[in-house]
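The chains carry the letters A, B, C and D, assigned in the order they are written, with residues numbered from 1 in each.
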Amino acid sequence: MNLAIAARPEPICGSETMLPVPVRILDMHPENFNTRTVQVQIVDEGLRQRYRWVPGQFNMIYVPGIGEAAISISSDPDQHEAVGHTIRLVGSVTRAIERIGKGGMVGLRGPFGRGWPLDRLHSGDVILIGGGIGLAPLRPVVYWLLKHRDRFRRVMLLFGCRTPEDRLFVPELEKWDEDPRIDTLVTVDNATGEWVGPVGVVTKLLQRIRINADRTTAFVCGPRMLNRAAAWSLEQLNVRSERVFISLERNMNCGFGQCGHCQYGSKFVCKDGPVFALSEIADIFAKEEV
Amino acid sequence: MPRTGAFTADGKPKVAVYKFSSCDGCQLAILNLEDQLLDLVGAIEVAYFVEARRRELPPPYAIGLVEGSVSTPEEEERIHKIRRDCDFLVTIGACATSGGIQALRNWADVEEFTRYVYAYPEYIKALDTATPIAAHVFVDFELRGCPVNRFQILELVAATLAGRKPAIPTYSLCIECKRRGVSCRLVSAGKPCLGPVTQAGCGALCPAYNRACYGCFGPMELPNVDSLGERFIGLGYSPAEITRMLRSFNGYVEPFKQASDRYAQRD
Amino acid sequence: MPAIQLAGGIPYYLPRSGLDTLVSTLSEEGYTVLGPRVMDGVISFQPLTSAADLPRGVRDEQGGGSYRLVDGDPELCFQYVVGPDGPKRYTLPPVLQLFSVRPEPDYYAMEHGPPSPPKLAFLGIRPCEVAALAVQDRVFAARETGGFRCEADSYYQQTRDSALVIAVNCTHPGSSCFCASMGTGPVARQGYDVALTELRGGFVVQCGSPRGTTLFERLPVREPSSAELELAELRLEQAAARMGRRLEAEGLPEALERAVEHPHWDEVAKRCLGCGNCTMVCPTCFCSTVSDATELTSKVTTRTRDWESCYTHQFSYTTAGPVRHSIRARHRHWVTHKLSGFVAQFGTSGCVGCGRCITWCPAAIDITEEAAAIRGDAQWAAAATAARKEVAA
Amino acid sequence: MRNATNEPETRSIQVDYLARVEGEGALHLTLQDGRVTDARLRIFEPPRFYEAFLRGRDFREVPDITARICGICPVAHQMSSCHALEQAMGVTHQIEPSVRALRNLLYCGEWIESHALHIFLLHLPDFLGYESAITMAADHAETVKRALRIKKLGNTIVSTLAGREVHPINACVGGFYRAPTPQELMALVPEIEFCLEEMCDLTLFLAATLEYPKLDQDYEFVALSPDDEYPINLGPIASSKGFRVQQQDYLNAVEEQHVPHSTALHSMIKGRGPYHIGPLARLNLNADKLHQRAADLVASVSDAVGHGLPWRNSFLSLPARALETVHALALSLEIIKAYRPPARAAVPIRPRAGVGAAATEAPRGINWHRYETDSRGLITAARIMSPTAQNQAQIEADLRKLAPQIVSLDDEKLTLACEHLIRNYDPCISCSTHFLRVHIERIAAPLDGA
C-alpha cells in the first residue's frame, strides 16, 4: 500500500469534462430502512485499472434523466474491483439509484476532492467522529487504520445517530466493538427498542474518553450542527485546530471548481475539500450563510 | 404515496385537468403542445379533461392539473373533492396560484361590482374573493404564469414520470432575459420593468418585444419589491401607477399584495 | 503619473477604409467575426457581416443603473464603452449541450457530445475584456492551476485556442469604468493578437502575436507617422485620467475576508434585488448549473449547462435548504468572491473594472462604493454614495 | 358527469359539463310527449367582473387585461380593445397601413389556430363518432397530425408576431411595441405555403367525407361587412335581413331581452329575435370577398355538401370554418410578402377623455367592446359583448328546431346530437363575461338529477 495516499488521484470523466463513464451496479446492500450501500464497477476495463481514490473523496453518480449527486466513497481503498457508495434515499437521484437496482447501470465521474490527510498521521491518537450518514466517508479510514494499526497509539470511533434503527454498517460496528484495536462508541438521540447503550449527542461521548490533546488527530463528518459541536468540544479539550479535520457537505455540481455552487468562503468544497483542517476555515466556520 | 387506482393497467398515470374561474388559456396551453401532444397522450392516460374529451375515468388520479381560482361557493366545495381524488395536485397558471386578474375584486366592493356588471345581481352567487387553490387545499406543486408556459407543463409531466424534480426556475426574469441576450428595458430605456422581482419562466418575452415585463409569472423567490418601487419613483412613476403595475395578474399573491397595499397607501 | 505608452513591436497604421478588408479577410479565413453593433438600444456583441455593422457615430452614456445611446463623432466606430455582453457569451455559452443519452434496458448509449467549438474573431473588445478572458482562462483551462486533463473545459479551451483577439484600446471610458485602478486598461498589455487605437482617420495597430502580425501584414497597412503615434498615446492618457470610478484593490481581499458580519451588508441588502443582473453581465462570472431534460416517449435525455447566478436562492441548495438564504448573504458572497475569493482560488482578482455590474444593476448598486465601505474608506464611500444619489435623482 | 333519467312521459336530458367546448356550460333539455318544452344552455362560468375592475385602469393596460377574458381568442379581445381605445383617444386615422396589415396577420394566426383546433380536435369527433380526438387519433393518426401542424402554424404566426399564442404581449393601443422584421416574417412563408395546400386538401376532404345533419333555420346572419375585404378587423356591421350599422352604433340594432321561463338575458335583434354570428354568418354575407384560394373551393365544397351558399344549417359551420382557414392562410402569405415595416410601430398617444366602441371578428363571431376614459386616460366605463353571449339565444332556438328530428333517439344518442349542435357554434364560454348573469343562479341547484 502506497503511503503517499493523500496525493489526489486523477478523476475519470470520459472524454469530456462533464461526461460520466458507465458503471454497473454490482450489489445493493440495505444498511437500514433508508440507507443502501451500492457497489459499482466501471465497465471499461482500462478505466477500471486506472481508477484510484483515497478515503474522504467522493464521486458524482449520474442517473440519466434524473441528475447527478455527489456521494462519498465508503468502501475499502484497496478494493479495486468495485467502489462502494452509501446513499440515503432522500433525493431524486438516490431514489433512482435504488430503483435501478443491482445489475443496472449508472454514470460516474470522479473521484473528486481532497480526502482525509492520512499521510500526515504520523503517530499518536486518532479519533473519528461520525454522525448519521457521515459515517460513510469514515469507514474507509477505519479500514486503512486497522491495516496500519501499528503506527498509531489509540484509535477511537464515535458514532451518533437518531435512533438505533438509523445505524449504518451494523455488523461492522459490532465487529469493531469487539476489536481491541479500535474503541467504538455508539450513541443515539432517542433510545428505542432494546437499546441499552449511550443516549445523547455524539459529542457527549467525548466526555467519556480521556483525550490526550497533544497527540490527537480528529476526523469529523456529520450534519452541520454535529460538526460545529464537535469542533467546539475538541477546542475545549485543547485539540489543536490544525489537527481537527472536518468533511463538509455542499451542493457539488461539477466537481472541480468550475460551476461555483459549493463555494464555502473562498474554498471550493469539491476541490479544496470536502475535508478541511479546522484551522483553514476557522474564520468562517461558525458564521452563518457563508 | 400514489394509489394503485391512479394508474392504468399498463402503468400509465391517470391525469385529470380541472377548470375553476379562469380564461381557459392554461388548459389550452396543453393542447398547444402540438409537437408533443400525441406523445403526451401516449405517455399518460387523460382521465378527465372536459375541454378535450367526453370520456371520463373514475378517480383516483395520479396527477391533477388545476386551472383557475376559487371564486364561487360551488368551487369552494369542489376543490376539496378534487384534492381527495388526486395524489399529486398541481396548479397551473396565475389564477390557480395567485387568484388571477379576477382577484382584483378582493380590494373592491363585490356587491358594487355585481351591480355594475349584471342587471340582476340577486342571481349572482359569487364569493367576495377570488383566491388561489392553495388558500383552500394543500397543493403539491405550482406552475406560474398568465398563461402558464406549456413547456413547463411538459417538463412537470416528464419529470414526474422520470422521477426527478421538475426544472422550474424560481429566480428572477432578468437571468432568463440576460441568458437570451435581450437588452435591459429598465436600464437602457428607463421603462418600469418588473423583471427584477418577477419569476422567470416565460422566456423573457416582453423585453424581447421592446416592452417592460408586467409580471405575469408573479413574484420571484424573496423579491425586493420596495427597492424596485423606489427605482420606479425615481423614474417618475407615481405610487398609484406602481400599485396598478403590481395589482395585475398576480396582484393577490403575498409579496405583490403587500407591496401594492403599501404603495396604495402612499397614493 | 507616467505617460501611457503603447506596447508591442513596431506599430502599423490601418486607415479606416481598411476595416472592411479586415472583416472580409477574417470571414474568408473561416472566422465568425463578432463585434459591437447597435441592437434594441444597446451596443451588443454580435456577429458582423461587414464594417458597416459597427456602431459608427454612436456613443453610450453609462451610470449606475443607467445606459443610453447618444450621437457621437460620426467618424468613429469605437467610442462606446462596453455593452452588456462580450466574449463570455461565446466562450461560455448561456446554454451549452453537454451530451445526450439514450437509456437502454441494460446500458446507455451516448448520442451526441457537445457541439464542435466555433472559430471566432473577437473584434473590438476592450482591454478590460481581454483581461477578463485571461481570468476565465484560469478558471476553465485548469492546467495552469494544477488541475488534471479532464478538468479543463474542452469546449472553452478549444474555442479560446482558435479565437483571434483584436482588441481596441479604450479612448472613451464611461462613468462606470474603473479599469485603470484595476490595472486592466485602458491599454491592453497582453493577451491579444492585435490591439488597435482609434484615431479619426484610422487605427494605430500593435500586433501581440505572430497570428496577429500575419493577418495585418495582408491588410492595407502603412507605418504610422510620429504624430499619429503621439496622438494615440495622448488619447489613451486622457482616457486613463477620465475614469468615472476608482477601486482601491490594495488590502481589499483581507478586508473582505474579515467583513463577513460587517453591518454594511445589511444596508446594501435593502437595495439589492437579488435579480442576478450583475453576475449575468460580469465578464468573469462563471457559475453554471447542469440539468437534464427528458423526451416523453424516447426517454432520450439531454444534459445542458446553463448560466447560473450565485444570487439565486437555489444556488446554494443542500438537503437542509439553501445555505445562503438571505439576499444579504448572497450579495456579500458575490462581492467577496469577486474581489477576494478569486484571488485565493485563481490568483487574480475577479474584477477587471469594466463597470458592467454598476451600469446594469437596476438598483444602481456600485461595487466600488461597496468595496470602499468595507475597507472603511469613509471619504471615498461618501463621495460615491453622493454621486449615486445624484444619478438617481 | 352525465346523467340521463328515463321516465315514461317526460324525459329530461341533462349534460352537466359540456365537453370539448372552451369554458363551462351545461345543457338542460326537457321533452314532453315528443315535444321539446324546454331547451336551455346553462352557463355556469363564474363571474369575473371584467367590466367592473377595468374602471380606474390606465387605457394602455386594457389590451393586456381583456386578453385574459379568454385564452382561446385573446387576440380578438386585444384587437377590439385597441380599436375602441384608439377611437377614444382620437388616433384611429393615424394608424399606418402596415400596422393594420400586421393586425390582420395576427388575427389570421388566431383564426388558423382556433379553427384548426375546433374543426379537427373538438368538432370532427362528433361527425366521425368518437368521444374525443384522443380516441380518434388512434384510427385517424394522419389527419390528426396534419391538423396539428396547421394548428401549430397558427400559433407560430401569433407567437412570431406577438411573443406567445395565449395572451400575446406585443399588441398595444396605437399599434405594436415592436414591429417584426421582414426576415422574421419571411421565415414563416414555407410553412404557410405547405399548410395552405394541406388545408385546401383537407377542406375538400371534410366536405366530401362527412355527413352533415339536416337543419334548415331561417337565421338572421350578422357579421362585419367591410366593402373591400373579408371581415376581420374593420367594417360596418350588417345583417342578412337588412340592417347595416357603424360599429359604435351596434347597440342601436341589438338588445338584450328576457326569455320566458328563464331569467336569461339573450341578445336579440331589436324587434326580431335571435341572430347568428360566426363563420357561417361571415361566409354567407361576405363570400364574394374571400381570398381567391378559398373562393376557388366554394363551388366544390357546396357540391359536396349538397347545398350552395347561403348555408342555413349550422352544421355547415364546419366547412365554413375550413374555408375561412384557407382564407386566413392565403391572406397571411399575401400580408407577409407585401410587408414593409411601419415607420413607427405604435402611434404615440396623449391621454384624453373620450368614448370609443369597436367590434372585430373573433373566430366565433362579433366581439364588441366599448370604453369611456377620463382626461388622464383612466377607464371610467367598460362594456364587452363577446360572441358566445350573442349566439346563445340562437343555440337554444336551434335546439328546439332540431328536436323533432332527434326526439326518437335514445338518451345517449339524443344527448350527443344536442352536444354536436351546440359545438357547431364553437362556444367559448370563458369569454362570456356578462351573459353569465342569466344562469348563474342555477349553480345553487343540484347539478345531478332532474
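Here, a contact is a pair of C-beta atoms (placed from the backbone, for glycine too) under 8 Å apart; a residue touches a chain by one contact, two chains touch by 3 or more.
All of these numbers come straight from a predicted model, not from anything done at the bench.
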| item | value |
| --- | --- |
| Innermost chain by mean C-alpha position | B |
| Chain B and chain C, separation of their C-alpha mean positions in angstrom | 37 |
| Chain B-chain D separation of Cα centroids, rounded to whole Å | 25 |
| Centre distance in Å when chain A and chain D are each reduced to the mean of their C-alpha atoms | 65 |
| Where chain A and chain C are represented by their mean Cα positions, the distance between them in whole Å | 39 |
| Touching two or more other chains - residues of chain B | 162, 164, 210 |
| Residues of chain A touching at least two other chains | 65-67 |
| Shared interface positions of chain C, touching two or more other chains | 291-292, 294, 299, 308, 326 |
| In contact (per the touch rule at the top): chain pairs | A-B, A-C, B-C, B-D |
| Touching residues (chain side chain B, partner chain C) in the complex | 36, 39-40, 42-43, 154-155, 157-159, 161-162, 164, 167, 169-172, 174-175, 178-184, 186-190, 193, 195-197, 210, 220-224, 226-228, 231, 234 |
| Residue ranges of chain A touching chain B (in the complex, touch as defined) | 65-67, 92-93, 95-96, 99 |
| Residues of chain A touching chain C in the complex | 10-19, 22, 43, 64-68, 90-91, 105, 107, 223-224, 249-251, 253-254, 256-261, 263, 265-268, 283-284, 287-290 |
| Chain B-touching residues of chain C, taken from the complex the two chains share | 39-42, 44, 65-69, 84-85, 89, 94-95, 270-277, 280-281, 291-297, 299, 306-309, 311-314, 326-327, 359-360, 362-364, 392-393 |
| Complex interface listing, chain B residues touching chain A | 162-165 |
